[in-house]
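We just call them A, B, C and D in the order they show up, numbering each chain from 1.
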Amino acid sequence: MSNKIKVGIIGGAGYTGGETIRLLINHPQVELVFVHSRSNAGNPLYEAHPDLEGDTDLKFTDSLQHKVDVIFLCLGHGESKKFLQDNPIDASISVIDLSQDFRLGESLPGREFVYGLPELNREAIKKSKNVANPGCFATAIQLGLLPLAKSNALKEVFATGITGSTGAGQKLQDTTHFTWRANNISAYKTLTHQHLKEINRSLKQLQPAFAAPINFIPWRGDFTRGIFVSSVITTDRSLEELKKLYQDFYAGHPFAVVTDGTVDLKQVVNTNKCLIGLEKEGDKVVVHTAIDNLLKGASGQAVQNMNLMFGLEETTGVRLKSIVF
Amino acid sequence: MSNKIKVGIIGGAGYTGGETIRLLINHPQVELVFVHSRSNAGNPLYEAHPDLEGDTDLKFTDSLQHKVDVIFLCLGHGESKKFLQDNPIDASISVIDLSQDFRLGESLPGREFVYGLPELNREAIKKSKNVANPGCFATAIQLGLLPLAKSNALKEVFATGITGSTGAGQKLQDTTHFTWRANNISAYKTLTHQHLKEINRSLKQLQPAFAAPINFIPWRGDFTRGIFVSSVITTDRSLEELKKLYQDFYAGHPFAVVTDGTVDLKQVVNTNKCLIGLEKEGDKVVVHTAIDNLLKGASGQAVQNMNLMFGLEETTGVRLKSIVF
Amino acid sequence: MSNKIKVGIIGGAGYTGGETIRLLINHPQVELVFVHSRSNAGNPLYEAHPDLEGDTDLKFTDSLQHKVDVIFLCLGHGESKKFLQDNPIDASISVIDLSQDFRLGESLPGREFVYGLPELNREAIKKSKNVANPGCFATAIQLGLLPLAKSNALKEVFATGITGSTGAGQKLQDTTHFTWRANNISAYKTLTHQHLKEINRSLKQLQPAFAAPINFIPWRGDFTRGIFVSSVITTDRSLEELKKLYQDFYAGHPFAVVTDGTVDLKQVVNTNKCLIGLEKEGDKVVVHTAIDNLLKGASGQAVQNMNLMFGLEETTGVRLKSIVF
Amino acid sequence: MSNKIKVGIIGGAGYTGGETIRLLINHPQVELVFVHSRSNAGNPLYEAHPDLEGDTDLKFTDSLQHKVDVIFLCLGHGESKKFLQDNPIDASISVIDLSQDFRLGESLPGREFVYGLPELNREAIKKSKNVANPGCFATAIQLGLLPLAKSNALKEVFATGITGSTGAGQKLQDTTHFTWRANNISAYKTLTHQHLKEINRSLKQLQPAFAAPINFIPWRGDFTRGIFVSSVITTDRSLEELKKLYQDFYAGHPFAVVTDGTVDLKQVVNTNKCLIGLEKEGDKVVVHTAIDNLLKGASGQAVQNMNLMFGLEETTGVRLKSIVF
């Protein structure tokens, strides 16, 4: 066990904290040293995450332990920055932040963050000690657009996406009341979703002149896990050219799967994969992408980033059995 | 409109209040005079019940109007009694209470309540001015057992029932969080459900010597509306005898349907019906019953009772289109 | 009963046939004379539609009865035309066809069809003896666009819609297998849905010069009933102007509800309403519309049309209690 | 890779075949040599199991390869026996059969089968070359009753269980039509489920005099994966005694988790665990058990058995991340 990666988790009682725990307790190259949660300190992890009963007897702690190699920050937006400011973490410890606090180039003294989308920034991530893990919708949308941006072919985008209830977090609220959400569909944050900023930033990294709008309508779906997005873009390239573009772009990226088949959401639920499908009609290409919002959209991608940062095979511990059905 | 039944609703912002409104605004013999809700006073009904937008412009009020023929109490348990004690209601006004406050024979000065299960007490309901509307599980279980009790054949019962999330009410709580409840099943109040008291009371009304336990396990289902119960009883009667017993008992009762087909929950969702099916194997009879917990298990039955109390045809305004699918 | 509308249904065993039955047996001005189904002839309706047990003892017939005022054709696409050609129906009998056979101006000798969208063609429907009932997606999309077309403001449309499984009909198929569809989302007929033709036809009726594409992506949803569509259009009109445009257009149309609140699908499920909501951001307006695909999208609209054709109040028998939850 | 277990799968296109593939491609001690399917021969596995795209490029074959250590038979009931009779398999190759063909002590010349419930027969499984994998309901019910049988305390059982749609297999049928099954509950095979035979056999292995009936009512649930069972038994033992009985019985069995918390189905979905909870009221104990029907109820248990047969740690490759939400 001596040369395993020693990991600490901050904010282990929430959804992304729980998923990170679930991945790391089965990760062959990780020793999960501590899970920090002020409100749950002293309780076994399985009190907050009952499915872990029988899997681990580890308890939450409220004291930071510093003999770790990397810390995952599974905190609410705004809290990660505050945590790092309030709690001096040794410079030798890597940080993977799952909040949105450092996704737009923000930094702290001694801590420059790389935007942790491996399909865009793999080499930078490998060299980085600080990674800002992308947002869930941001991941699904970007992976559907990056190859077009890479070839300077991206124009105005019309995208509709649907997300599971876990995207709304753990807190009880009207829009996650079962009675309301079951069999229901509704729109929210129409054209104003906060992830548009990080999406635009990534697209401009590849196509600096890109200035057209991403018109994005998010919907709330009546399922718990997953994001499905269909994006429409005007282009004169043929479907074959486009498929080649996408296949070339994602060659060697194990979790971005360009399929000739149909994309359905459940193919990726409980996995770290992003499934990408293309259709063309007239001068419009439609790109469908699907991810699990808690895995490729959060904790799975965070572990993928950890693997890259520590020189492991990218897929270690994140080749997961899908729910399929 | 002059000879319509004038109705007031107390507690109109909750689930049973909302369902009662939905039934009464389409009831051909009813004038809905007022809907009382302290917290929503002044707002249109459709602010609390958005599906009513376009159907009615009526507003909630916080003042009691007394020129009505009947009041529906759609309040929490314990609140109905308090309401009647605190607010003097003219003796000429009938009361239909949807709480459990008067189901076990409780009364107030000048107000004796009849237990409002029409298939058991139709004649008494017709003559009564005060009706205690039964509980949802109580309705589903009793309708599966009453014919056996009528013929003194009821013995120990083993029943399992499953209920939709609306049974847990409007309040946000952990067990109605979509993320938790979707695709989930769990048990609660095992062998101790509060409806057992009213069930026992009804059964003894027909089979006074009945003293065996009703072993009832309620489950939380991953759907919003409906109750399905399977009850097992030991009996030496043949399936044919049993079917005749049930058919005879429910002859002339329009909402209790004894079927030779299979019972599936959705056949009754959004209706006021109770579907009853019988199977026999060895010396055990299994009775399956299904109702909509908010209709036959609450507001629908309350309107059925109103119809009886006011001499209308029992089904007026409660012949409803099922959701079917 | 003498002056009730006498109705026959052809193809009564399918989804739209069943829904039409459910509406007509409770319609106060209708006598349901016969329900035709070759494969079910002689069986009670409730063998094909078990939820109708206890509601009606009517049986399917395979012989056409001609003493009716109107016939509803609830047949598959292509079969309505064939049925009318093979079975001479007296010219005095009105026809309401739920298939797509006559939606684009097709006619038969002696039978000219009006496109049965009451919010577009109410006066023509009132005078017509033959109505082609619109498609489900077509209804939801048009009702979101007609006011813009009326004021010559419609430009290229980007729409995404999601439909319940009943939209795929009764036949067992891979995409309606519960195991596959539960918790799943997928796209189909991307940019090529067959309803685009009737949509374009209606839009040009109001805005003859309209020639821009309707880019429409349909999704399969993991629920049974309902359609939700979000459409994006570029416009320089303000949100206030747009709301007024929509409110004016739909004034006096009882089932088209322009709301200032949020649109969520379940508000309309099991009703004949179309809920319409508008949002504006920059130069883009987003119109959300929601309907029940089997009611406003099929059988409910058909009965609404019948009411208009026979001089009844438009809402008779189609003011329905929503499922709400 | 030389000393990995070499595995072949027969019947790889169905649900249990697919799940077995999903487990084995990530199993650190397994080399999946071939997947046999006559109808899919030559196609990549991901054509039948689209979620596997990007995970494996292996193709189905219709020729048996004999250089394997163990064969999983993922065939329909009746087909396993026929397969072994028609296809001579070298005596050195172990067989794990997921059908019901050998669960009641049936054997073939040279092949004696052990009933593969590790919590009952672990030592025998370790020594066996042929294992009959238990049924899904059988697993869930037995694990709730074995400790009572072990202490000769089992009496008549009243059990209700609910199963996901995957329990009904891959074939399209009326009861797995999404439109019917969503939000629905129904009973089937009341008191006559075929798994009762293997359950009785196991119980008598521990309590030879046990002759009371297991009254079992299976329900179809509106979810895809999982089984939840509540069993009621009369006993004079205290809850504390009972808990100790269960904890002792399952000590050292990693997948049978006796919990003091509540049992909810999703805690085990997509895992190989069985969660067991006890409640006592009067003289009745209620045992709740939950499993994933395709894992602990089929493929997961099969791999658990393989681990035991080949001397591996029992949990290798079957410590799975639950779906949780």
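We take it that a residue touches a chain if its C-beta (ideal position, glycine included) is under 8 Å from a C-beta of that chain, and two chains touch if they have at least 3 such contacts.
By chain, with names taken from UniProt: A, B, C, D = N-acetyl-gamma-glutamyl-phosphate reductase.
This is a predicted model, so every value here is computed, not measured.
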{"item": "Centroid-based (C-alpha) most distant chain relative to chain C", "value": "D"}
{"item": "Chain pair with the higher count of C-beta pairs in contact (A-B, B-D)", "value": "B-D"}
{"item": "Chain centre separation (chain A, chain D; CA means) in Å", "value": "34"}
{"item": "Approximate Å spacing (C-alpha centroids) for the pair chain A, chain B", "value": "46"}
{"item": "Between chain D and chain B, distance of the C-alpha-averaged centres to the nearest whole Å", "value": "40"}
{"item": "Interface hub residues of chain D, defined as touching at least two other chains", "value": "165-166, 179-180, 182-183, 222-225, 262, 264, 266, 269, 323, 325"}
{"item": "Residue ranges of chain B touching chain C (in the complex, touch as defined)", "value": "15, 18-19, 22-23, 26, 28, 46-47, 49-51, 53-55, 164-166, 182-183, 224-225, 254-255, 257, 259, 261-262, 264, 266-271, 273, 275, 294, 319-325"}
{"item": "Of all residues in chain B, those that touch chain D in their complex", "value": "158, 160, 162, 179-180, 182-187, 190-192, 213, 215, 217, 219, 221-226, 228, 230, 232, 262-266, 269, 279, 281-282, 284, 286, 288, 290, 323, 325"}
{"item": "Touching residues on chain C, where the partner in the complex is chain D", "value": "165-166, 170, 172-174, 176-183, 222-224"}
